[in-house]
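Two complexes follow with chain A in common, the first pairing it with chain B and the second with chain C.
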Partner chain A sequence: MWSFILRRILWTVPIVTGVVLITFVLFAYVAPDPARLEAGKHATPQQLQKIRQQMGLDKPRWLNTQAAKAVPGLGPKLAAVTDSQFFDVLLWRLPDSQHYKEPLWSLLLRKAPASLAIAGPVFFVALGIQLVLALVAAYNRGRWPDYSITFMAVLGICVPGLSVIILAQWLVGFELGWFPVAGWGRGAQIVHFAVLPILVETLVSLGGGVRFYRTVMLEEIYTDYVRTARAKGVADRDVLLVHVLRNTMIPVITNTVASLPFLLLGSLLVETMFQIPGLGNLMVEAIGNRDRSIIMGMTYAIAVVYTLMLLVTDICYALVDPRIRLQ
Partner chain B sequence: MRLTKWLFFVYLAGLGLLVALLGTSLALVPPRDPQTLYTAYGSNVRTLDPAEISDTTSSAIAGNIFECLYNYDYYARPYRLFAELAADLPQISADTLTYTIRLRRGIHFHDPDRAVFPEGRGPELQAHDVIYSLKRIANFHLASPNAAFIAGKIKGIDDWTRYTQQNSPARIDWDRPVEGLTALDDYTLQITLADPYPQLVYVLAHLPTAPVSRAAVEHYAERFREHPIGTGAYTLRYRDHQKQQRIVLTANPDYRGRPDIDGFTAVDAAQRQPHIRRLQIDFFKADLPPWFLFRQGLLDISAIPKDTFSQAVRQGGELTAAMQRQGVKLVKAPDPTTYYIGFNMLDAVLGKNKPLRQAMSMAINRQRFISVYRNGRGELPIGPIPPGFESFDPREVNPYARFDPPAARDLLAQAQQIHGGPLPKLSLLMSGTDTEDRQMGDFLRSQWEAMGLRIEVDYTDWARFLDIVERRRTAQLFFLAWQADYPDEQNFFQLFYGKNIGEGGQNNTAWKNQAFDRLYEQASVLPPGPPRTAVYKQMSRLVMDECPWALLYYPSSYVLHHGWVDNLLLSDYLHGARQHLKLDSSARSAWLSRNR
Partner chain C sequence: MSSVATIPMDPAPLGRPRSVWRDAAARLKRSRLAMACAVVVAVYLAVGLLGFTPWLSGLLSHSYADSYEPPRWSGSVGLWMGTDIEGRSVLWKVLYGTRVALTVGIIAALMSALLGATLGIIAGYFGGWIDNLVIWLFSTVSSIPWILLMIALAYALKDRELSLLGWTFRLVGVPTIVLALGLTSWVGLCRIVRGEVLKLRQRDYVTAARAVGLGSGQILWRHILPNTVHLIIIDFTLNLVAFVQAEVVLSFLGLGVTDQPSWGRMIDDAKLEMMRGVWWQMGAATVAIFLLSLALNMLGDALRDALDPRLRGVD
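And then the complex of A and B:
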């Protein structure tokens, strides 16, 4: 198992490098000069030069062969040749955010708790509700509970998230005044602002999960072993909770673990509309501002976390299903 | 079974947490502080270091913390300069190259965190602070977006920039003299220019030139942008700055009470500014939430989102009855901005075909454009200079800025003769990709296609747009606007000056006209006054006739405020405007208790 884990961790290196490479090529060859954008409408040549320096854009794109020629020894040569724009990204030597003039780590650490404060509760509550509704729908297949739940789930998928958010802000926040329309606070005040986005995000995320888990559970419910269990007189509750639920854990884990990175990375739409100072909001702003450091850094982080989570998924498979061996 | 139970308990715990949050949330309603004005901005603050500021939000907030040598009278329109940190307007030598500026006395920096100045009250502002601040803007390592305002203008400033470029930040000798910046004594400053530059007074009223404390900058280094220490009416404690979320400014206890007096001049307590003790500014990226908060009385001032405009303003530009019943007030003001379609004069089809440019300009139904896409918030254009400038004359007639399809078709026939046959398909580049950009692009295309032209519209983001228009110059037609930096027509006319063609230059259309260039150079050495205004009018007429721009409209700003806020005027250039506002907090409390 340990060799499997080590091998999978090593696999993340080419995957992450590939993601960084694609992002870098897009920025280096397709996107316009970020220094010019940063410099504003009254740019002087000196200012552009300095901004390029600050962004590391004065270095060669791929390999700094000239610098390598000037230094003796393998180690210094290697350090010099990788003093380039691409290796700056790959080795996480990202400059400060151009827009906020703040180090990337400082921004990520400051923003992550807000994203987690929303996405954490949403994750746990939504998962529970999705599983329960999916079980009820699957068990009552073809009857009114199934139709109602499926109808609501499809409705949830079809209605755009933005509409639900605006409706909630208008109805619950503005008209009824139960929760603040938007905003964020400090300390205990966060609770005051967090509830409505949590409720909305939970509601928005229900439909897809319920549909998916219902399909998975239906497949299980009509398998031979369930029929056998029922024939042997096992109670319906035990059939569902012990046999069906446990055997649907593989797709549940796949779906759940794959969504874990987004606990930290936040929801772009909800954070933007509710003005939650999280990573989703940061990413939206970074895209709008063409903030190269943030976009590169976030893409990098997403790639790393996602590949690591896939590894966690594989390990969970083995824990849940004894037939699976990690080799 | 264990796993199932575990999952069940996790779910129950999550549900319990949500219920607990719900209960706590309903119990935790932050109260409205009677001495605080609540407002919101649509974009975040980037920096609070004046030298680095180039965006409107940062400028609007830092403008309450810092002051400049000059500022604009809050009430006067057209804008009038007054001496803020300077004791009076500058004494200008006969050759217009030397400006002697006396400073007000008794004005101190204030450090709300007491990290640089333990007493809070810092040293008195002196001439060397002003010199230091100007040298800082020209410091290569700061890469200030405002360096162009003084680069090449003040004697020796370019040498200073080169010197800073050749030395690391730690090795820069800030006492090294710059030929054109001299402190005659602690309270008298002399600025010597390389060439006449009458706009210098406006530059000295521009927030980036606000004097900063050298001790504070050296203490905080790059973090000075988070620890603004100025002389203005408000201060910002570090703990009151929740980045990208909220800023709370507090009245500066060392402020002199009015911007146009010395520090030790007594001011009647009732007249002392700022009138409001705290300003809370929240940042919202989306339009609707702050609009709802304003309607709930939780924000005191608000812009009007495009999609809810009809809830607030009727056709004709007056408030709706519902808004009037709620005691909301509307403030309107023209922006010093001109929206236009730029013609690329380097383009083989457009550059040599004046009738084509004129025809395209006359084919646009601007009234409809303003009504549909700007909710009526705009004026029909006349020339490149919008209202609010001395040379703007509403009686002036520009036939090419009028919607006149028959005349446009006649000109198009001439244009085809000049071209030597049917005109090829032309392309318009829009500076955005959202729905509104697409609707506006479609509108313009339909206007030109109606007179027989073939048009394609391309949409791109702002960064690429700048790259295409300013550097590559491959766009034939482009949608753009210019907002003035200071109330001098020169700020617009630099966009047409022949020497400003080229990378980094402001002349995006690459229009070159010898007569215009001569007038521009003539005006550039004239002081403000009727002779210069007359030259500006001639320049305007040349631009109108030659049509390097198809003018679209002059925008107007509409801002709403509740009845408990008083003395709100919209201002485009001046800083520190919030100190003039008044707040009737008892009226606000009464309104909130009635409407909750």
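And then the complex of A and C:
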């Protein structure tokens, strides 16, 4: 048990390093030179050099061996050798956002609440609806409730999310005028602005989950213990809610955790279309502004949080289900 | 050896042997829904090929009327779905968009299938440090949320010049998206194929092949790969759907196709047009994406049932 948990925790080290490696290689070797973008076309070499220095791009990419040679002692040597572009990213010494002139951390913390205000309710409402619809469909397998729910789910998957957002914004916000078309407020005003984005995002995210959970539940409904429960006279409702729902929790949780990064990231599309000052909006803006720190930092931060969440889920599984520990 | 040769063989076996493929094809043909979906996909493919002819590109540059002419059924065919801001026909744009969507989807899906299957098979079959390396690779890639990695890649590759074997080409539009999608979405298939190969390599026929003296390459090619092809095909169809939809998101972010009309750009244009009552451009592109996704989705399901009958009891 403990060895499983320990091994699982240690495994995150190469994963996080790998994430930084991929992000770094992508931005250091493939992406356009950020200093040149910042300086503009007509910058002099001196100006370019100054910007490079500000961004930490004048350092060596991987290991700063030159600096390490210059200082004595193991500790300072180690500190000097890691004074490179790669370790700047790995140890989160990213330069301030070029556009906002603000440290990345405070920027992310400032933008996160708006994302959570949308994504939090969406997450719970969508999960609830998905589970209920999936249960109903699975229970009525092969009859009209199943067909209509599956059909609606497939429809939901096939319509592009952006079209739904644009349509809802136009219909509910513009034509009917029930909610503001876009925008964000302070305090209690937020509710007014948040309702439509939450509804739209829930609608868009419904389809995939319903189909997946239905399959999972169907696998469970045809197991022997369900048949036994039915045979001994347990009411259908109790069979579904007590036996089936509980035993499908593991795949459901896995799928839920897999969707969590989107909770953090917010929805890129919804946040941008409704002008919600959240993380998704920040990311879209950063792409437009070519703000390298934000794109890199957010990729890194969200990947790390996601890795940690996977770690916690795996450990929870091991606690709940002994079969997983033994694999 | 001689005893094997003396086993009496049926001189005339019952018709041709039933291969997995003939079986699957027969099952597919029995399903009317699957055949209807296949026809829809075939029509899309034909329209996509039409996009490569100078005829359609010629019609595309033709200016029909004023900007934002609403759809009307009388008169020129080009006006059936109205016009866009430049007075170009929305109908021809949608038809041309098929070419972009399918080119992006098919090449990216091929790329992701090739990467995922190769890595999965090699990891599952050889095990050891190769397996560990591949596990590390796909665990790492899958810990970056797909959409973020795709965006980062599309951002990094946009408008870059790439030199490969003496050829230099600029990554504008389609190649950028293809690379961004193909390089990020192989993980799922790799994981599934690896799991399957882990089971397959312990089968008796693989042991037998090894005992007879077949090399690893031949075992992989003739015994392991054919038994994972169904997974690859199913993954391919589902990826196609995902990629057609992803093109919309990338266009929205300004990382998509910029040098020719595409469905994503048409929907992206609509975010400013809808408030002016111009619905036909978004409507046309949405319906085009919707029908293709629906057909591919259902075809994918039918293919899975036909190729992997073990799963059929469930869904």
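One rule holds in what follows: the second predicted complex is superposed on the first by the 305 of 327 C-alpha atoms of A that agree within 3 Å, B and C clash if a C-alpha of one lies under 4 Å from a C-alpha of the other, contacts with A are read in each partner's own complex, and residues count from 1 in each chain.
We take it that contacts are C-beta pairs under 8 Å (C-beta built on N, C-alpha and C of every residue); 3 or more make two chains touch, one makes a residue touch a chain.
Since this is a predicted model, take the numbers as computed values, not measurements.
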Which superposed partner A:130 touches (first chain B, second chain C, both, neither): neither
Touching partner for A:194 - first (chain B), second (chain C), both, neither: first
Which superposed partner A:284 touches (first chain B, second chain C, both, neither): both
Which of chain B and chain C A:307 touches, first, second, both or neither: second
First (chain B), second (chain C), both or neither touched by A:14: second
Which of chain B and chain C A:121 touches, first, second, both or neither: first
First (chain B), second (chain C), both or neither touched by A:242: first
Chain B versus chain C, judged by how many residues of chain A each one touches: B
First (chain B), second (chain C), both or neither touched by A:179: first
Which superposed partner A:36 touches (first chain B, second chain C, both, neither): first
Common interface positions of chain A, toward chain B and toward chain C: 31-32, 166, 169-170, 174, 272-273, 284
Chain A-touching residues of chain C, taken from the complex the two chains share: 136-137, 139-141, 143-145, 147-149, 151-153, 155-157, 159-160, 241, 245, 248-249, 252-255, 267-268, 270-271, 274-275, 282, 285-286, 289-290, 293-294, 297-298, 313-315
Interfacial residue positions of chain A with respect to chain C in the complex: 11, 14-15, 18-19, 21-23, 26-27, 30-32, 154-155, 157-163, 166-167, 169-170, 174, 215, 218-219, 222, 261-262, 265, 268-269, 272-273, 283-284, 287-288, 295-296, 298-299, 302-303, 306-307, 310
Chain B residues touching chain A - in the complex, by the definition given at the top: 1, 3-4, 7, 10-15, 17-18, 21-22, 24-26, 28-30, 44, 46-47, 52, 54, 140-149, 151, 161, 165, 222, 225, 242-246, 282-286, 288-290, 292-293, 295-296, 461-464, 466-467, 470-471, 504, 506, 596
Residues of chain A that touch chain B when the two form their complex: 31-34, 36-37, 39-48, 50-51, 54, 99-102, 110, 121, 124-125, 127-129, 131-132, 166, 169-170, 173-174, 177-179, 181-186, 188-189, 191-192, 194-195, 198-199, 241-242, 245-246, 249, 272-275, 277, 281-282, 284-285, 290, 320
